[in-house]
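Take a look at the structures below.
Two complexes are shown next, each including chain A; its partner changes from chain B in the first to chain C in the second.
Then we have the complex of A and B:
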């Protein structure tokens, strides 16, 4: 009962948030990034957290959704929802190819192969002509029903919807036969196989589900930003950000990825928008023209990836079960 | 003739790749860790060579005398401070830790050295001589290849003749049994990681005169080193040597006959094909582990 009340309050807050903020595009933009990262990380968590198969190449599925949707829209101007559906198909094909190659192996191989597949996708997109190559794809106009797609609010609700769907699937999976099978595979693959679980089938099932959700988020991102290139949607850095978000919150937990996104996205934004430098300079602690001031203003904006590195190292060494792991009783 | 040209330059470049691959394979064999910071360690080697050349005016090939001990110590300390904390963790934690360390190295380099690519130009950087009438051989690539052969030979003698080398190989074969025989496996891990780092940095320094130097250059080399290791068999030092040469030749061939844009795609497709057809690699013993 308490849980339902909590969820109801959370849902009400999430639904009402754009109304409260109004049309402040900056804040809404950050909220959309948070929802997207939470959903991406939750989708990754189905495969990485529950089935224990760490994919280091989820950017491939994100990029598959984004590129398929934008290419179809710019070439044929189809219904965006149809384009998103085709994106899911493309991502699923990539996932099935990856899965059929690497799920027969175990240990280090899946991680390595997932990177290799993602790199093949990235380099192919970069080298083909129909994908815009290094220039990327710019989407001029898009229409769906009567929605004002120049405003950010529809995308807020779109990302929220995908997040809710992903979390619901995860919550359902946890208590379903498939979910138990996946956790059994994560804990001991050989024991799971000896109990008659078709590990190959269930790993692929988790990968497909995860890839399909990731591709929808990629499509939404493409429609939202309206410009994509390989460094934005297919980079290894994106795959690592997705994992890191889950690790910080707690891998293999329902809410871990959401908590990770709530923490990491604003943190990255503070560094990217150079808030620290601005505050220090305005407070008069650092002179704007001094060496330190110039460094803070100039270089620190690029430092968020460095910070990701530091957080990853600290997290693995001191908090391998994530923030939620702190609150769990030790078994 | 057009066939000999890519073959020879491929073998020469492949030799340097092999050095990076051997370093990674050694670490994998002894510690059972996939080192995702390997490419960034190569990048550090490139910058070490660059600064030795521009600040101290030392030739990049001679500066190896400094780079090898410095990077060995760096790797040794890195293992002692970070890596050994996760040696009994699940392998995904090990991968993430090395990814994190790699991000720290590459982005610190980005802050310190900016993202402008640097070029190390020696007097012989673009000199070449011709062989068999019309095959041109680049002098810096040939020098790098010869130094690679020398270092590989020294490493081979070290691993097969010295007691430390034998202890390293014993740890690689069976960690528990080696420990029971009185080998200090923790120390062996640190030594292996130090050697791996030194080999990566050396490969970086050797490639520096013919490549552009950039804080994020490690990324490309990391994936190449993985391909080489898997192709040769994870943990097999000999395999990594052969794998490096093969990858070098494949790259040169696909640049010549296909397009240089697609050479990395070909390399990764080979990687996936090896996983599909022969996951234990060319020289690996156990499959599917």
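Then we have the complex of A and C:
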């Protein structure tokens, strides 16, 4: 109950935020990225964190949503909401095919197979014609009700809505039969089976839920950016970023993925946008032409992925339960 | 008429060329406490795994409550009312003691409140109520064994298969567990009991089967078993060596 109240308060703050900061597209853009990564990581967390099945291929479901939506829109100009729904169906089919085969195996096979499936999807999309191949898909115009879809604000609320839905589902699951069953499977499969848990069914259920939510986010992303290609929505890098966000925040906790996203997305942005270098140079602390200045403006901007890596290693070494683990002492 | 709740008929289990269980047959009556004993490697746990669906038997039939269950999955067998514990305890480490038992309770309800009430009742039965909010992984071995017991009780089984539930426990702890088991039987459950400790077995079991090298060596009442020369030979190592 407390969690739900907390969720409601945060949602209210997030709802009001665009009104407070006004229409600054740069800031709204970063906020959208944060909400999206928080939601992606939370959706992944249902399967990876609660059921303990690490998917390294969630980009496949994200891409399934994005591609389905943009292909249907560019070809038939259908209602975007209908396109999102079809995206869910496509992602669910991929999830069911993967799960029904791979969940018969134990151990780390699911993790490996999830990479394989995601790569198959990526290479297929890259080589088919109707997907635009390497050129990707450009969406010129889209309309829904009388929303101004050229502005970023509708997508801010769209991402926020999916995040709230994902967190609500997670909060509900944790106190339900399914949630307990997923955690039991994570802790010990044999014990779970001996207590009447159909492991195969519940793993597939978690995968399906996780994939469906992820595909909605992919669809929203496609509608928001209006240009997609395989490197933007189907890349292994995206799958890994989703996992890292959850690990750094706290795997298998309600708020871990959100905390991970709140931290990592701005961090990546600061590094990517040269903010540190600019501030130091403007303050006159570092000369722009000095070695340090060149390093800050040049190399460091490309280092955000490396920094992600370093933070992850530090987290695994010192915070195995993520940042949230710091505040949670086991009884 | 005598009710056979479980009927094991010519069950064998081979792992490649290894014969772990060979042509074992016996029947367990309702509300019996049935002992399954034998030296290390006799095939007791393998037989449990065949009965509960973890390793399907190579040949032979397992009939539970008039239903053939050889080809069923462990979770399906649990749903039919047969639950097992593990010799090597398997607590769901990051969950609390109460939550562990609730997982068992969810096999008979989908409502969290009912599962919790059931779980609390079972914690009371095994005397773990003071530990409800502790994490299961942090319990000492004696309490983990009790947790195993509470968890399977929450599935409301007709039959319990207890795999060395007293293993690694001291005399007081063993006596407590045996008392709990007697209490469970009184409520109408049937129990199969794997144990090394002859004293524990003979004091609680109505009937005993002795396995040796995968084969059934003897069957009878505790009195018959303890005086059986073959059994004595197997236990003292005077018999046939593999």
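Just so we're on the same page, the second predicted complex is superposed on the first by the 320 of 331 C-alpha atoms of A that agree within 3 Å, B and C clash if a C-alpha of one lies under 4 Å from a C-alpha of the other, contacts with A are read in each partner's own complex, and residues count from 1 in each chain.
The rule is short, and it goes like this: contacts are C-beta pairs under 8 Å (C-beta built on N, C-alpha and C of every residue); 3 or more make two chains touch, one makes a residue touch a chain.
Predicted model, so just to flag it, every value in this text is computed and none were measured.
Partners chain B and chain C fit side by side in the overlay (superposition on chain A).
In the superposed model, A:54 lies in contact with chain B only, and not with chain C. Shared-chain residue A:282: touches no atom of chain B or chain C. Once chain A of one complex is fitted onto chain A of the other, the partner contacts of A:124 are limited to chain B, with no touch recorded for chain C. In the superposed pair of complexes, A:181 makes contact with chain C only, with no contact to chain B. Here the smallest spacing between CA atoms of chain B and those of chain C, following superposition, is 11 Å.
Common to the chain B and chain C interfaces on chain A is no residue. Across the complex, chain B is touched by residues 48, 54, 56, 101-102, 104-109, 111-113, 115-117, 119-120, 123-124, 126-127, 236, 240, 243-244, 247, 299, 302-303, 305-306, 308-313, 316-317, 320 of chain A. By the touch rule above, chain B contacts chain A in their complex via residues 34, 82, 85-86, 89, 91-93, 95-97, 99-104, 107-108, 110-111, 219, 223, 226-227, 230, 234, 259, 261-262, 264-265, 268-269, 271-272, 275-276, 279, 288-289.
Residues 175-177, 180-181, 183-184, 187-188, 190-199, 252, 330-331 of chain A touch chain C in their complex. Interface residues of chain C, counted against chain A in their complex, comprise 52, 54, 73-76, 78-79, 83-84, 86, 90-96, 99, 102-104, 106-107, 110, 112, 115, 133-135, 138, 151-152, 155.
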